[in-house]
């Protein structure tokens, strides 16, 4: 199974208007920026995106907002910490203007909901958020005297992930904290598109050090290592 | 109208962090939140304390020096950090499994408000003008619920002098009844079943002065003393 | 009393496996259960089919030759196997996440009984005399529920001639309504909404003979033919 | 944090009667046999054990059965396939005689229940087992038109795990299919005891290839590589 696509644009060509897309990466680390840029070039509209941040440390997502491609964002850290910087942020403006719907989950709940989808589970009970606004509209239930919230799985149509090394069959190895959301998003999505820094032949990766098994990855594209300067103020 | 401001001078942010570092026991796993909590890491070098970063790292080392920055190696505050002997990496999902699973001996978190019952409000400042259900939750709710002990590190009042230790949180809470210890620029306060117990005060301050900037009635510890650093 | 036995001779176990191998498409991920299903692996060498082992392995290679056995490298039937280019290892928990998550294009499973509705009974033989809720479930229930397509590989009747393709499973079921294709020593049968469709029969057998050892009424496919190998 | 114990017997010395113990390994691969043997030497009674198999490919567990140490077994593949071999098996005899209580779960459900405990989740909804005897006594619920069973977390007091390499702080690297149940059992238990083939200093393991983070492991003991001949008939 050779899953390599010749270009970023080919790899995302079939993404329709209205698609939902999980985007890996935690601030600067492990974000598939080139795939996001390709999506901005393509211009698909009415999208639902699921990712950690809608701006801070992930400015490459801003063109999608400015071009009005995003209908809904599901994330856990949407805004700049600085109110001043936030006031200038296209995403914050779009949220205030009601142009983008925003759904926020605690970080652990957010990724566990995606993991549940990939693992074929319908829902789970978590203690996180009990007694907070995260309870709203959710079933609360006691197990062994402690309260938990019911959280249902979220299954995206696509996932964009990033890896340090990948082989042609889709096996991926991540590097340091750039692993973060990428494995569980890859498993959750119907179609996972991986941007890899180093493309190798099957058998070249250490089989005990593959963080994303190839079965979860449908398309692989080689990219240059993006250059970041970590900052989220 | 006179401009409101903080009434008392107390510890610097760095010394709040030091006071918390002294509270941590050796042989523990600790997660440090954004803000003052992050500064705690400056005071534990050489100690047998393992720092976890929500992004998926154990044994997080000191901040990376200029020129040593690796964009694939950051903490949950997006700061470039370094490796230590014994560092290991894992997914974010595993990281929060670990946090909810009770493996953090201590989480040190910042706060906008703390109630006398130990409720923590830290993730959402209504002054930003968003609806109350959206904001930067990040990993704070998971940490507040999952850690065996939650220590709050914050300034005792806002810059405007508004009280942050309150009877009931007005801001959206992060978790209910989880805070065990509050360390501020002015005081060290235990959250107990009986109420808030004032254990230590900043040099030069009286318990009455601390009470004057604290909404709930403080119980004065029989062992009350100056903050030890 | 005369000893009961199988009435017809058909394909060997190896040829049942070959018939199933021919049914598999290139570019698919496949899990093979214990018994005849495992033999399918002998017929797919060189094909673009990736085998998953529940223990936590993708791209499972052929059985290890004597002298090449690595005790840290076995399949879910506890047989020593080998690596292939592109092999990867993961935890058992991840393996079943993958299985339930719908990533197996095909699961080939053995069965004690299959019903006309596609119910599969394979994990618990009441003849062992245990209560019906205990037995070697193993990974069979997860595979039966999770795979996109379940193919049953089995002998058409028991050694004693008892029917295995039945109107309703008498044995505890593994999953309900999941079987899409049954391949036996005597026939290839599609499980459809309208009932069981006899698609192929073993060389020398008539549809009537296959029907005589099959409890539910078989629909004869208009394209009925001899089993192709 | 130096978690190394001088001997197997020291590492398990505090296990009380009535404890529950999850034991890693899948048939022959990755089973901490030396810890099981130490438990047989110690003779703690009234135990609940959670493991894949109660005999097949895991004969080292038999002494615990013969000595009457086990009150309850929770597993997914308890018996020999061969009825003849099974009839001679002490575990099968003990089950038939009602001396050991046996709880059987589908393999995926079994390890997911342990994973849930380690992940601080109370319960989850799985499609596995719907319409089977696995339903008995369980809540059934529809999500998006499909039925699921509610499965609650199982938290063992102890876990015995096996690893190819381990450092003094408890970080463990597994090898090939010997990984299997070990990571999730380590996370689930209150106290995890690891038998490692190769004990190294902190910093010697590749930090991107640690399958069991040290935080999950409270005790480490060095052992010789056990010699198995894989067979489960």
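All chains are identified by letter, namely A, B, C and D, in their written order; residue positions are counted from 1 within each chain.
To be clear about the criterion, a residue touches a chain if its C-beta (ideal position, glycine included) is under 8 Å from a C-beta of that chain, and two chains touch if they have at least 3 such contacts.
This is a predicted model, so every value here is computed, not measured.
Q: Identify the chains in contact with chain C as well as chain D, in label order.
A: Of all the chains present, those in contact with both chain C and chain D are A.
Q: Along the shortest chain of touching chains, how many steps lie between chain B and chain D?
A: Counted as steps through touching chains, the separation is 1.
Q: Counting only Cα atoms for the centres, state how far chain A is from chain D in Å.
A: Each chain's C-alpha centroid was found; their separation is 33 Å.
Q: Between chain A and chain B, what is the separation of their C-alpha centroids in Å?
A: That pair's centroid distance is 28 Å.
Q: Nearest whole angstrom, what separates the Cα centre of chain A from the Cα centre of chain C?
A: 37
Q: Using the average of all C-alpha atoms in each chain as its centre, how far is it in Å between chain B and chain C?
A: 57
Q: Counting only residues that touch at least two other chains, what does the list for chain B look like?
A: Those would be 83, 89-90, 96-97, 99-100, 146.
Q: At least two other chains touched by the same residue of chain D: list those residues.
A: Only 112, 115, 119-121, 126-127, 174-176, 179, 207-208, 211 qualify.
Q: Chain pairs in touch?
A: A-B, A-C, A-D, B-D, C-D
Q: If you look only at chain D, which of its residues touch chain C in the complex?
A: Checking each residue of chain D against chain C gives 26-30, 56-57, 76-79, 81, 83, 86, 95-96, 102, 104-109, 111-112, 114-115, 126-134, 136, 164, 174-184, 211, 226-232.
Q: Which bits of chain B are touching chain A when the two form their complex?
A: For this pair, the touching residues of chain B are 34, 53-57, 69-80, 83, 89-93, 95-97, 99-100, 119, 124, 127-130, 132-142, 145-146, 172-177.
Q: So in the complex, the part of chain D that touches chain A is made up of which residues?
A: Counting only chain D, the residues touching chain A are 112, 116, 119-127, 141, 143-144, 146, 148, 152, 173-176, 179, 206-209, 211.
Q: Could you pull out which chain A residues touch chain C in their complex?
A: Residue list for chain A touching chain C: 1, 115, 117-121, 167, 169, 171, 187, 201-203, 205, 207-208, 210, 213-216.
Q: Within the complex, which stretch of chain B touches chain D?
A: Result: residues 27, 29, 48, 50, 52, 58-59, 83-90, 94, 96-103, 146 of chain B touch chain D.
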